[in-house]
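The first chain written gets the first letter, and so on, giving A, B and C; residue counts start at 1 in each chain.
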Amino acid sequence: MTLEVTITKRLPDFTLDVSLATDNKPLAILGPSGAGKSMLFRCIAGLERPDAGRIVLNDRILFDSRQRIQLPARERRVGMLFQHYALFPHRTVAENILFGLSQRGREEQLKRLAAAIESTHIAGLEHRYPRELSGGEQQRAALARALAIEPEALLLDEPLSALDTHLRSQMEAQLQEVFAGYERPSLLVTHNIEEAYRLGKHLLVLVRGRVAAFGDKEEVFRRPPSLEVARITGCKNFSHARALSPNVVEAVDWGCQLQVAGAIPEALAYVGIRAHHIDFTEASSSAASENNVFPCWLVRSSETPFRITLFLSIHHPPNGLGDYQLQVEVFKEKWQRFRDRPLPWHVRLSPESLLPLAE
Amino acid sequence: MQVRPRYHVRTRPENGRGLRSAVLVLLLFFMAFGIFPSPAAAQQPVSITVSAAISLKDALDELGQNFEKAHPGTSIRFNYGGSGTLQHQIEQGAPVDVFFSAAEKQMDELASEALIDAGTRRDIAANSLVLIVPIDSQAVGNFQDLLKPSVKIVAVGEPASVPAGLYARQTLDHLRLLAPIKSKLVFAKDVRQVLTYVETGNADAGLVYTTDAKISSKVQVVAIAPASSHEPILYPAAVLRASKNMSVAREFLDYAAGREARAVFEKFGFTSPEK
Amino acid sequence: MLPVAALTLIADPIDWSPLWISLATSVTATLVTLVLGVAAAAWRERRGGAGVAVVDGIFLLPLVLPPTVVGFFLLLLFGRQGPLGKVLLRLGTSLVFSWPATVIAAAVISFPLMYLTSLAAIEQVDRHYLQAARTLGASEWRVFREVTLPLAWPGVLAGAILSFARALGEFGATLMIAGNIPGRTATIPIAIYFAVEADDIQRAMVWCAVDVAISLMLLGSLYYWTHAQVPGRARWGRR
């Protein structure tokens, strides 16, 4: 069960140029708004036509520009869950689900309807109209509708972003359940890092129509190939960098030299470190620059319910509110433990956590 | 809920501006209607308006030209239409100096409303009613042929407002054809429209005046309505009491009733009003 | 005024055929424009592209031209000397001065209203519903029939009511190609016109009263359809 997509399409601001292949583990497509994610989906579903390329689903050619094959959407058997559900407002939930099953016999229709309702836990809602349902219920109904046709691939457009926060984990659990039972290619599109990480197994980062990273999600997060990907996957601290030796780089913006574990790419341009990978340590009397330890001063802070982000100036006291080089994220419990210590504090940028990045 | 701010604020200068605009508009209005006396007023040509039944059009146009040539400084504006319509216009106050009707009925009504100068009223021409068909038609040779099923549409004037329609209905009634062909009748708003319907072939036959048939090359006359089948077709004319140019109006009417005019009317197919 | 009119009616019984003719003509014309207008709007909506402006222009022409001019063009087309008229003649019929001509005149005149309203109604249907339907295997015709049309229906219906009102009041074009044939093509507006011409003011007033009554009923139903619809279960669920 595979989906192979290699397409190009000219769009107003950039050209969509994507090549991907996926198996039956969920693929999350992560990217900023306007990166072409929805257009990619529409091309796969057959709702838009690429300029050139090939789309093959489970050995069926859906699109091939050279052979002039363009299968219309209705024949592709690609199920799609739209961002705002697109449930037909003039039909009940059951009628919505049955919409895609019109070619089947009555018995089979009812069988599939029951299966879809059960798997998405919307029993009791089937005779309601969409506007009588809550957001979460609507989404489950839309999911049921997409699954009822037993599609060969499943596309989910921003499945969690329209939901209230507390509903997200519920829906996420639901989707995990669906993915577990669904042995076909499934793709989801999102601009939310967490959603991508939670739901996907593979990750594709799409920026301005181009594939910036593609691979297992752990790998992409652990070793983002470029500044762009690092930023999109949530890294907050960057500095221009120069390689000084196979495992020492000079961080130009931070004004220091750093030990780096792991290989340094040829085209090194930056070095980065994630906000929660920076540790606070005790100052030791031994040489401070060993193992990437530096004194730091607090510039300002920003709180969320359980965490706090500290903006730090390293090496010297800050000259103003904008003079910081690092953002560090810690849990508030930990924060409590050293907040009253006198400045300067010391931070450690562990060599394993540093991300050497190409352009 | 948001409250919309009120933007319209009256200020003093705006008041004055409104008044000035109003005065300007009034000035233009008066100028347009010539209420201010202009030095050239004395030399303006005298103009009279003549409302006339449309069947008189060609003859009256020529008479009008002749009159203007003989009386430099006068101009005649003709207003043609169905006699009923013209009568209503006069009753509603249209500034008409002379009225030529295609039937006594409309003139009688104006007379009873004291709108005409009764002393000037006289009949200036007579006409006859004919049955016409499109020039290439073979289907109809006489009035009785109107009963044929191949004749689907017969055009006549609307009897209540068009004299030619009234005469047509009288003729058809007299010939006992009215009831049988009633469903084939299409009623036009004036006699020239009847002519057009037959010319274009959209009507299979129609009843118009001899004079109308004469000016068209696209119809043929297949029968003449016997004089006894309808009331006499006379064209009364009169000067209106509300005329602002009485003397010129009277002159024109006298001319239209005179011998030279008689010849012009006969040229177009009218006959003399005396029996 | 009205009591006198009533007396007149008793003395000279009014010919009520213009009422039936007007209603029959308007209903038929509205059904015709309903089908044609929606079809044209659906086709145009899918089209897009540069040529559409020209198409729009042609479809909207009867709205912009004086009805008499429209009637004139129809006469050129359907008259005995016109291209379509000649064809009909060979088939043994003529459309001019017939009841179908009143329907054609009314339909052509009211078409732009139906077209515009339907187009707006169809365009405001959310694209995503159509896309969802396609991914669920529906053919384009099924998408139109089961998704677009039901969701656009309130707007389309409003357009139909407007068209009906316009068809009812049609005069210039109707007079041109259907003529004044009492009992066959004389509609209410034609009856009013010729009543005034004949100085039969009472009769004209009666027909005006009838026309106003029908128009008020139409406006009332239009209002009901667009405003008074309560979102009960009948209108896709309670909130």
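Basically, contacts are C-beta pairs under 8 Å (C-beta built on N, C-alpha and C of every residue); 3 or more make two chains touch, one makes a residue touch a chain.
Computed from a prediction, not measured in an experiment: that's the story for all the values here.
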| item | value |
| --- | --- |
| Chain contact topology (line, ring, star, complete or other) | line |
| Pair with more cross-chain C-beta pairs in contact, given A-C and B-C | A-C |
| Most centrally placed chain, judged by C-alpha centres | C |
| Euclidean distance of C-alpha centroids - subunit A vs subunit B, Å | 85 |
| Cα-centroid distance, subunit A relative to subunit C, in whole angstrom | 55 |
| Length of the line joining the C-alpha centres of subunit B and subunit C, rounded to whole Å | 34 |
| Per-residue overlap in subunit A, given as positions that touch at least 2 other chains | none |
| Contact set on subunit B toward subunit C in their complex | 82, 84-85, 87-88, 152-153, 155, 158, 160-161, 183, 185-189, 197, 200-203 |
| List of subunit C residues in touch with subunit B within their complex | 75, 79-81, 94, 96-97, 179-185, 194, 196-200 |
| Contact footprint of subunit C on subunit A as seen in their complex | 42, 45-47, 72-80, 82, 84, 86-90, 99-100, 102-103, 128-132, 145-146, 149 |
| Complex contacts: residues of subunit C adjacent to subunit A | 126, 128-129, 131-139, 142, 146-147, 150-151, 231, 233, 236-239 |
